[in-house]
Amino acid sequence: MNNLLWLVPVLPFAGFLILALAGKHISRVWVAIIGAGSVSLSAILVLIIGISFLSHPPATGYYSQTLWTWMQVADFNPNITLFLDALSLVFIFVITFIGALIHIYSAGFMASDKDYSRFFACMNLFVFSMLLLVLADNLLLLYLGWEGVGLCSYLLIGFWYENPVNGYAARKAFIITRIGDTAMAIGLFVIFYQFGTLAIPDILTKAPVLWQQGASIATITALLLLAGGVGKSAQLPLQTWLPDAMAGPSPVSALIHAATMVTAGVYLIARMHIIFQLSPIAQMIVAVIGAATLFIAGFSALTQYDIKRVLAYSTISQIGYMFLALGVGAWAAAIFHFMIHAFFKALLFLAAGAVIEALHHEHNMFKMGGLKNKLPVIFWTFLIGSASLAALPLISAGFYSKDQILWYAWASEGGNPLLWFIALLGAFITAIYTTRMMVLVFWGEAKTEIGHHPGKLMTVPLIVLAFFSLFAGFIELPHNFGHFTLFSDLLHQVLPETVLKAGMNNELQFQLLALLSTFGGIYVAYVFYYKQPQRIEKLKQSRFVMNLYLFWFSGWGFDKLYNTLIVRPIVFIANVNKNDVVDKLYQGVTFVTVSLYQSLSFTQSGSLRWYIMGLVIGAIIILSMQIML
Amino acid sequence: MKSSTEIVMLLAGLLFVLGVAGVIIRKNIIFMLLSVEVMLNASGLAFVAAGSRWAQPDGQVMFIFILAMAAAEVSIGLALILQIYHQHKSLDIDKLKEMKG
Amino acid sequence: MILIYVIGILMGGGLLALLLGQWNRNLPRWIALCTVSVGFIAFVFFWINQYRTVNPHLTNTWIIDYRHDWIPSFGISFHLAIDGLSLLLLVLTFFLGVLAVLCSWNDVKERVGFYYFNLLWILAGISGVFMAMDLFLFYFFWEVMLIPMYFLIGIWGSENRVYAAYKFFIFTQASGLLMLLAIIGLYFIHGQNTGLYTFNYFELLGTVIPPHIAFWLMLGFMIAFVVKLPIVPFHTWLPDAHSEAPTAGSLILAGLLLKTGAYGILRFVLPLFPEAAHDLAPWAMLFGVIGIIYGAILAYSQTDLKRLVAYTSVSHMGFVILGIFAFNELALQGVVMQLVTHAISTGALFIMAGMLKERLHTRNINHMGGLWTQMPQMGAIGMLFAMASLGLPGLGNFIAEFLILLGAFKANVLLTIIATIGLVFSAIYSLRIVQKVFLGPSERSDHVSDFSFREIIVMASLTLSIVWLGLYPQPVINTVKPMINKLAHVFTPENKNVQNSYHTTPLSTHKYLVKK
Amino acid sequence: MSGNDFFALTPLLLLAGSSVLVMLLIAIKLSHRVIQLSSLLLFIVAFSSLFYIQKSLPYHIEPLLVIDGFSVFIMGLIIFSSLVVNILSYIYFEEKEESPKEYYVLLFLCTLGACVLAVSKHFVSLFLGLEILTVGLYALISYLRVRHHNIEAGIKYLVLAAFSSAFLLFGMALIYLETGSMEFSMIAHSLRSLPSLSPLFLTGLGMMLVGVGFKLAVVPFHMWTADVYEGAPAPVTAFIATASKGGVFAVLFRFFIMIDGFRFNVVMLILMCIAIASMIIGNLLAVQQKNVKRILAYSSIAHLGYLLVAFIPGSVMSIKALSFYLMAYFITTLTAFGIVTVLSNKETDAENIESYKALFWQHPILACIFSSALLSLAGIPLTVGFVGKFYILAAGLQSGFWITALILVISSVIGLYYYLRIITTMFAGQKSILPAEEKANPVFYMVSIIALSVLSLLIIWFGVYPSGVMGFIEYFKLK
């Protein structure tokens, strides 16, 4: 069945082509069927392929399928080749499966939108690009998918194009990720000249042979790739685009800006892990970026009033966890968290979308409230998602994935107490803002009337996702707690196992601490937002707290910083130079010519005596030249 | 070079310069023409002197040609001057500045 | 002979259009369409045949060679020859020629005959440039294409057309004359060396030139080509010419005229003056990079759509010069790809600007916006070509830019990195186009129609080409491969060392070898 | 003088005889039309006689004249241009002047003078030819004597020409004084025996340059050009621009070749300065000029500068280049002034650039002819001007005169601007709804247009296929 692999990306692409070319002439039902159906088919196909892959693993550990030679120039010959191993299997599973659910949800969510077919066309194109990204056999094809998802993200963030704000957010997303992509492109150049190829398997086999452990070239390459990942995954310092990207429809936020695209950076680093392993510095930087991002994004999430922005910052923060895991060498843990996060964050976004739609496109949490009884399905699924996000112990999937990361942040070779402490603090904050969100949206008194209730098309995907958010964690249990390692066994075919420091066996203490931080967070939020909301108001009277609040609210001032340092100067130069200063040079030449003309034309005075004078002067010059020289 | 030739050449040069000065200084067209005639005759004189230096008749032949040419020129010149006077009521060369630029 | 026929057909068709245009307004465009289509079909068939039969590793790179004495007393012959590069660019010429005729179908209402006369003669001149293998003939065609272009801009352009036409003509003419000087200089140096006075390209290739003279001669050639290309700071004619020209004029300017500059460098500067070119390389690359960034920044600040696209051309052509002077196969292949894909993508943007102008009567993007609602097809296509222009993978421009950068990275790391940053800027201006034109709130209440059938044909062919080039560029790569290989061979470092041993032998059988 | 001498002098004798014959025809009161046609016929006869005498070349008539290939070529050009001027003159003078017949006598005389210049190799014949030409021109320039401009141009030309003739003569006298001969080869001979050049000789040469420079209208002796071109009747302007300059240039070139003047560095330096100044100033002066005749005048200054660029090397290539360029320049200039003539109306010449507006839409043929002439003057390929310019550059670069070649290139770019300006004017504007005015002499109008069309076809033909002409020139080599 593996040789049907090409169909996995091609199905959504076919869907895209049909919708893009003939979308106007197809009825809305068929648009939905084609759009959601193509992705669902591909999800089914992935299941089949996955089963066949797992039951008959290829000898090399991967399966690859060359479609055609993309180009062949000198010794540069990237192919259009699909590449399937355990890592990409996990990703294509998540992409197609969650993708299909979100498509189904969208069929209901977008039902009243006039650009129905355009939406599904873009979504299909996105799924196609994302699949290409994770199935690419070489970095160039990966780059194709990488930019392709960027394009779709751009198209979908700006889906409601009449509002210039959306367009601005879309452009911001595209351009900031492009900055990372550019660095990544340079990384590709370096890799090509180091290894003479961009094929991922070749690179991974050649790298340890050609490069010394800790070689500076490895660091440079790793950092360039990291820059790409940082851009796409909205990590520090390129994280500013993601909160704005929430301008897109909620299914888009769920699919692109939570579940799949933003984790492409995680995929890239995991995929190129050998290069990162060769450079401890680079790996350290990955961990530090992850920790710093999860920390600052957590605080920002704490202060948002727009429900989707809370989720956006929380996404940034959660991806920070994944980066932290990658950085400390907990490869499988990072991918595990990616998968679990995809489930619960997609769920949260979809549920939030349902809430927002029910409340007439109200994004402000402070204007929500009391929805617990009015939207029970949403409430319960949202609650499950939140539990997972807050890593509620034992019963939520999020606990299992996050706990693993916390543990490795302390105990692995690359880990250290500071990273662990930040991660723990992050977990505490996560619990606070998650609870705050729950409390504000579902408890308290109702502030806005409910419009229409979500239909079946929307609730079923929520329920499925909720199921996974609860139970997907059980495929990987901690060592001291069942030691069930289905997921990491699978991934260890591809990714190295995490090396622990010597003498680390007190995992339980750390689990208890994590548990404490979660409950502590929930309690704090409970106190401040439910029990005694006036305390917040009291705190806000202090100037310091208020400033801090605003600082966090603005995402730690990064936007402002970039605006002043980079955007404004360039725009200023561009506007000042609108008429092209170089042209002045040529205008100067013209001016000189014309002035010469005018002064010469003055000599043509029409006076005969003047002409004679000219003649005589000419004669004198010639004669004196004749005689002098 | 014989000294007499030298002296005659000097005289011719002097006449020539006088003629040039005359053309430049005078504003009346007739006087300008006269000055040109002086220049032409100075050249003729120079030819005669040069011919005598080499004991050839060529210089004098040339002089006669110059005379003939000067006469033709003056005749046309005077005709033009008549016409100018007819049109402008003046012989001031500085008034003839209709074309310029 | 096909080469002669093609030029003859174009010129003849032009004259016919001019004469018949006197009494029928429809006839000229049909004549033009037929003429160009015939040429296009002929070349496409020829290409396919060629592609099937010829082995890309062949050493003889020349496909057709036609020669006829022209001015024998100067050793000037009517010498046309094509290799892969010429063939490719000729196919491109006729492709865009067909589109140019189509997109001016209803655009031009006055003096139709003369318009198509000019159009066809420009194409004839450009074809001649791509075929001429006699330097005099080359210069001849180089100039021949200017005059009809001058008329095209000066008569059918928009408000400021006269200024733009002057500027275009004087810039190109001035630089062209300097090239003429260099050509004659080369002619005499070759003649004095060998006793054979000829303008034949193949003979001149082996000329031994004292280095300091070679440098100046090369500059003479370079100036003509970089003005045409154009490279900052010789680019200022371009925005004016592009923005004032009629749609077909902009299409041909961007799609073909600029390419003649790059073609000239590839065909003449590098093979004729390999060492001087080598010395110039860092500077040329630097100016290429300056062009990339400078053009992009200027493009960002423009409000006139055509002017904006024109400045993007400046930026894209910076990549070309960067790639050419990287001297390796990757970069050179990238350059060829860039020539083709830029012609298509920028051409498409200009055509679209023309369509918008026709519908909205403005080129100011501040007066557009929200057009997607009324023109979703144009919006989608516009988006696609904006993406092509910013180098989205999967579209042809990406292949070109990636290959150029990949090749250039080998030659100069720092400059390549800066050039790569140019990709960010290209994203900024491309998205600005899309945003200002198609997205945002709708500025207009009146009805604006979407593509007509004719326009769909035009845009669909462009779209298919750009996607094809993005996903399977191999035909293009293989076609130019022999030529590029040979060129890159001259500049490979190992070769240089070999060359030193050739020091004493003045003549060598290999045409492109570097001689000291 | 033997019979052979007369045979060799046939063209000159024919021209001289024609002037007498035309005078007689005028005396018996034949109409303008008859006079015009007969003089046209006589020009054709004179022109064909050039082919007739070819066999006996080169032929020396000691000590004054030499008739060789070069002089026959130049004479051919001169007579040809007179012929064209003759064709153009009819419609021009018919409507402007009540007694246009004597004009043809003068035209023959001027042509004769120019031809004598082309064959002279002696100061006396030089002087004679020059004065026959000049004195005739005085009358021609002010032929339309009621027009203020004509008279003004006439007197300016007269005073300046006489003034410069004096310089020329004085210079000749000095050279004669120094070398003892007025025959070019004898001068060369005696120069060879001198150890170094005496200051007297140099002064003489310098003064001659002043005289010749005036006739050629090179900077700094150029200032009369525009006024005279503007003032003179358009056909006469065509004649001044072509035949008169061609003759003078031929004799200057012959003089330098025979005395081998190219070895005098100082003289060459001066000529280079003159060439450079002429190219730059000539072109600059025309940049924003509004009067087409003046534009063409200034452009002729620049073109003489171009000619000097080819002149300076003094190589074999120079001769060919000069011959070719003179031919190109003649054809082109005649075409350009022909258009001015044809477009002139009874009151004024078509000299204001505004009167060319929308010409392309009203008289497409005339506009195309004029465009081809202007493009040829600008040196754009497909025209003979380009090949000529290429030839000049080749001649200059062959001997390594890079500076002059470079200046030529730069200044011709400036030149391009004003040629384009005229062309742009012709293309600007819309077709006017006014009915085309009735031409007084439709037949001659058509003949003129046909003649101009032939010229413009020549411009293009020689531009596309110059090797025929080049072979022809090769055939007429000097010596």
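Order as written gives the chain letters A, B, C and D; numbering starts at 1 within each chain.
Please note the rule applied: a contact is a pair of C-beta atoms (placed from the backbone, for glycine too) under 8 Å apart; a residue touches a chain by one contact, two chains touch by 3 or more.
Just so you know, these numbers come straight off a predicted model, no measurement behind them.
Enquirer: Can you tell me which chain is nearest the middle of the complex, judged by mean CA position?
Expert: Here the chain at the core of the arrangement is C.
Enquirer: By the contact definition above, name the pair with the higher C-beta contact count: A-B or A-C.
Expert: A-C
Enquirer: Just curious, how far off is chain B from chain A if you go by their C-alpha centres, in Å?
Expert: Computed value for the inter-centroid distance: 96 Å.
Enquirer: Taking each chain's centre as its mean C-alpha position, how far apart are chain A and chain C in Å?
Expert: A distance of 38 Å separates the two centres.
Enquirer: Distance between chain B and chain D based on Cα centroids, please, to the nearest Å.
Expert: Averaging C-alpha atoms per chain gives centres 26 Å apart.
Enquirer: Distance between chain B and chain C based on Cα centroids, please, to the nearest Å.
Expert: 64
Enquirer: If a residue has to touch 2 or more other chains to count, which residues of chain B qualify?
Expert: 20, 23, 32, 93, 96, 98-101
Enquirer: Can you tell me which residues of chain D touch two or more of the remaining chains?
Expert: Within chain D, the residues that touch at least two other chains are 155-156, 159, 163, 167, 226-227, 289.
Enquirer: Can you list the residues of chain A that touch 2 or more other chains?
Expert: 601, 604, 606, 608, 612
Enquirer: Hey, which chains are touching each other here?
Expert: A-B, A-C, A-D, B-D, C-D
Enquirer: Going by the contact rule set out above, which residues of chain B touch chain A in the complex?
Expert: Answer in residue numbers: 20, 23-24, 27, 32, 93-94, 96-101.
Enquirer: Considering only the defined contacts, which chain C positions touch chain A in the complex?
Expert: 167, 232-233, 235-236, 239, 297-298, 300-302, 328-330, 333-334, 370, 372-373, 376, 380, 383, 387, 392-394, 398-399, 402-403, 405-406, 409-410, 416-417, 420-421, 423-424, 427-428, 431-432, 435, 438-442, 471-474, 477
Enquirer: Report the residues of chain D in contact with chain A in the complex, numbered from low to high.
Expert: Interface residues on the chain D side: 155-156, 159-160, 163-164, 167, 199, 202-203, 205-207, 209-210, 213-214, 219-221, 223-224, 226-227, 265-267, 269-270, 273, 281, 284-285, 287-289, 414.
Enquirer: Enumerate the contact residues on chain A facing chain C in the complex.
Expert: Of all residues in chain A, those touching chain C are 20, 24, 68-74, 76, 80, 118, 140, 143-144, 146-148, 151, 154-155, 158, 161-164, 167-168, 170-171, 174-175, 178-179, 181-182, 185-186, 188-190, 192-193, 570-571, 573-575, 577-578, 580, 582-583, 585-586.
Enquirer: Give the list of chain B residues in touch with chain D in this complex.
Expert: Of all residues in chain B, those touching chain D are 5, 9, 12, 16, 19-20, 23, 29, 32-33, 36, 39-40, 42-44, 46-47, 49-51, 53-54, 56, 58-59, 61-62, 65-66, 69-70, 72-73, 76-77, 80-81, 83-84, 87, 93, 96, 98-101.
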